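Before anything else, here is the set of structures, which you'll find just below.
What follows is a pair of complexes built around subunit A, which joins subunit B in one and subunit C in the other.
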Partner chain A sequence: MFEYTFQWRQAFRALPQMLDGALVTMQIAVLSMVIGVTIAVLLAVARNAHSPWLRWPATAWVEVARNTPALFQIYMAHFGLGSFGIYLSPYVALLAGITFNNAGYLCETFRGALRAIPATQVRAGRSLGMGQVMAFRLIVLPQMFRIAFLPTTNQMVWAILMTSLGVTVGMSTDLTGVTQDLNARTFRTFELFALAGALYYCIAKAVMFAARLAAWRLFRY
Partner chain B sequence: MIEIENVHKSFGALEVLKGINLTVDKGEVVSVIGGSGSGKSTLLTCINGLEPINSGRILVDGIEVHAKTTDLNKLRRKIGIVFQQFNAFPHLTVLENVTLAPRKVKGLSRQEAEEIAVKHLTHVGLAEKLNVYPGRLSGGQQQRMAIARALAMSPDYMLFDEVTSALDPQLVGEVLDTLKMLADEGMTMICVTHEMSFARDVSNRVAFFHKGVMAEIGPPEQIFGNAQHEETRKFLSSVR
Partner chain C sequence: MNFKTVAGGLIAATLVAGTAQADKLDDIIASGTLRCAVVLDFPPMGSRDENNEPIGFDVDYCRDLAKVLGVEAEIVETPFPDRIPALVSGRADVGVASTSDTLERAKTAGFTIPYFAFTNVVLTKEGTGADSYESLKGRTVGSVAGTYEAIALEKDIKAWGEGGSFRPYQSQADVFLALSQGQIDATVVTSTVASSIVDSGRYEGLTIGGDAPYLPDYVSLIALRSEYGLLNYLDLFINQQVRTGRYQELYEKWVGGAAPDLTVNKVYR
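So, the complex of A and B:
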């Protein structure tokens, strides 16, 4: 009934390839966060805007991103847009899908953080001759990032794990994609995926650790 | 010179300023006293254009604050304002708080801005605290930092809105001393205050606000010794 013999050596021989895959995973996660954070800031501002032309699309984005499966969002970027003749490669589709998801979640995180910053802070900046954008950039944003820092790191970990969904749109160079390929060739399913799992775990932990360190360095106040 | 001409200001249906006229000359110190909700803070935020007005006009050095063509960001460089809440920027050190606007708004180099900042921070007695974050300062120190921050823009006018009312009693003195020092140096100031002794000793004129109207204005001797208006006497006896 239990005839599977473990062959760890074979799995470990695949480690260099998997580490390459992990790099691609990290690259997608980081890019999706950098772009996602930028869009999320804009969405957060748009959702607080007076004009419904800004508010409505931003709200729609957030609603869809937070209330549909991430897998669908990535599918849509690849196959959905494909139906309209817009072809995104698996890499770009995966990046787009995760970025879409990140932006939606982070928007709400940032909005909450913005609410915690008293309006008098902006007033003080404006009184010193700063324009609206400058006051936002120099006074509001840094405080917002501090308040939102931990939830943002959580989203980063979530983004790393979401990259594994890329395999469903034909992504083959990230950690899951590489592992899947190796598995198809060697059938060492348990060992390969256990090793990949361990790598995901280590990356996630490393990111959290780096974030703590960065927070300690950055937020001295 | 600040010229306030027949200014009316409403928040929705509530008329907060009902035709204010006031001229403040260069070098003059005007204290504004009056009951809660009488429109004192609103007047200050109208002067630097943070609040729009409904009618009348306010001129600062001949520039109409609420004219569409006025560059408010530029105008505000010459009008410093300090609020009751200290509004320190918590993510910046004391020195950075004070250099931020001179660098980013006026375009001074870091070195120039720091020289000016150190000068003003020393002036208000915070030379030892340059690299401290505001969270570590007492209320009085934060308020003095806010004053230095406004002064670092080299304003021609300073507006103070009850800058001591959020302070513990034992810290009020140090901030009032700073204001006195500025007045002695010839700064043109409008001070909204609940500190009657400050109003009496430091100002050239005292204005009494009552329900959106400037009920009475005159030299301190008149307001505190021989008030013409019934409401002024009532108010003063209530705060004594």
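So, the complex of A and C:
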């Protein structure tokens, strides 16, 4: 049987520290999404390009990002690059790993969204005298974001949860890092991780709720 | 209801009550197996040989314990952070895992008298210029999260300031990898681990850069806090290991030299 007495007071005393960790977690997730979305748009465009010099690197990125574990990607950013003499701090390695992953997944999401926009719309825009870039920016991009918005929030939640992999490369300031450190000191494993789990749940829920609000404001017809 | 049913019920009730009172020590003896949580990336205390079999001081210690209990030893590989979950979830009976006996942890787990003591040294890479504990001031260092030396090192690095930072890694192997790549300038590890890794030659250019001025790190066996019967037995077992010279014998086998004292002057445990 489960022979353990729960001591919640000890865990709740650690709550301020864990909330600080939750802030770092949020920060990394948001940054990785902002950079990830930017790269993903470029990748999606590159994958549709005619030139193989654009198409191939983008395809390679997407293939690796989507078909290898996020843990592997973060580990590689820290220890893999480290063996070539490129030293990323745990924070940067974690951010780079998740951004890489985000960009790969979001690229495919965006590419699907691009397919859903009829090519005739761009042609119509061009016939009104718009340049290629202008037509893409004014006609395609806004619709692409509208179509891809909900899958993108999905990736945002995924990004938050992936930050927990940072402990494997020595990250100590995010929510999992803080929790793991407290656990090693006090051995109050179950209370601390239950609390961390609840915090992750709240963060993810809050993000989904905020995304709903944003979608309602931004994408009304 | 006839006599047989009543008698049968009474016997069954006695049996159930009897087993309910059996403690962990009884359970181990009855099951015929002693399951020890051992950390296996922490040579020479625990590691794996060429055939992937667990070896080390802690592994032998567990086997000695199983022998005197008259049961089979089973090594349950357990990373440092998972020692308590392993005990609480019933995957292991005893932690033979170099666990530092801090008062904070003793609020959660049951600690025996010390069965081993570590001293700590600075382990660094040639060319970093870190040659003493004081020279770590303002540098990037790392260690295994939550260990005795990690807690002490992090505290000093923070107190020194001057741009120094501390990175906790999840395993000893990751610390050595980070050190050999130059991600961190130095680490503080137990002298036994340091000499074992330098001798192994697995990572090039690692050297020992002097002693870390910490108190000896006394480590205990751990069990569930409520299992007094088991904890009592373990205390006596540790005492006997020292008394019979087995402790010194194992120390010579895995570390070499005179085994460290397990007593503190002027006070009882």
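As a working rule, the second predicted complex is superposed on the first by the 219 of 221 C-alpha atoms of A that agree within 3 Å, B and C clash if a C-alpha of one lies under 4 Å from a C-alpha of the other, contacts with A are read in each partner's own complex, and residues count from 1 in each chain.
The working rule: a contact is a pair of C-beta atoms (placed from the backbone, for glycine too) under 8 Å apart; a residue touches a chain by one contact, two chains touch by 3 or more.
Remember, it's a predicted structure, so these values are computed and weren't measured experimentally.
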Touching partner for A:Thr186 - first (subunit B), second (subunit C), both, neither: second
Touching partner for A:Arg217 - first (subunit B), second (subunit C), both, neither: neither
Contacts of A:His50 with subunit B and subunit C, given as first, second, both or neither: neither
Touching partner for A:Pro90 - first (subunit B), second (subunit C), both, neither: second
Which of subunit B and subunit C A:Arg9 touches, first, second, both or neither: neither
Which partner reaches more residues of subunit A (counting touched residues only), subunit B or subunit C: C
Touched partner set for A:Met134, first subunit B, second subunit C, both or neither: first
Residue ranges of subunit A touching subunit C (in the complex, touch as defined): 1-4, 7, 10, 78-79, 82-83, 85, 87, 90, 167-170, 172, 177, 180-181, 183-190
Residues of subunit B touching subunit A in the complex: 48, 50, 73-74, 76-77, 79-81, 83, 85, 87, 89-91, 100-101, 104-106, 133-135, 146, 149-150, 153
Complex contacts: residues of subunit A adjacent to subunit B: 118, 120-121, 123-131, 134, 138-139, 142-143, 146, 219-221
Sites on subunit C touched by subunit A in the complex: 80-81, 83-85, 88-90, 102, 104-105, 107-109, 142, 145-147, 150-151, 166-170, 174, 177-178, 181-183, 224, 226
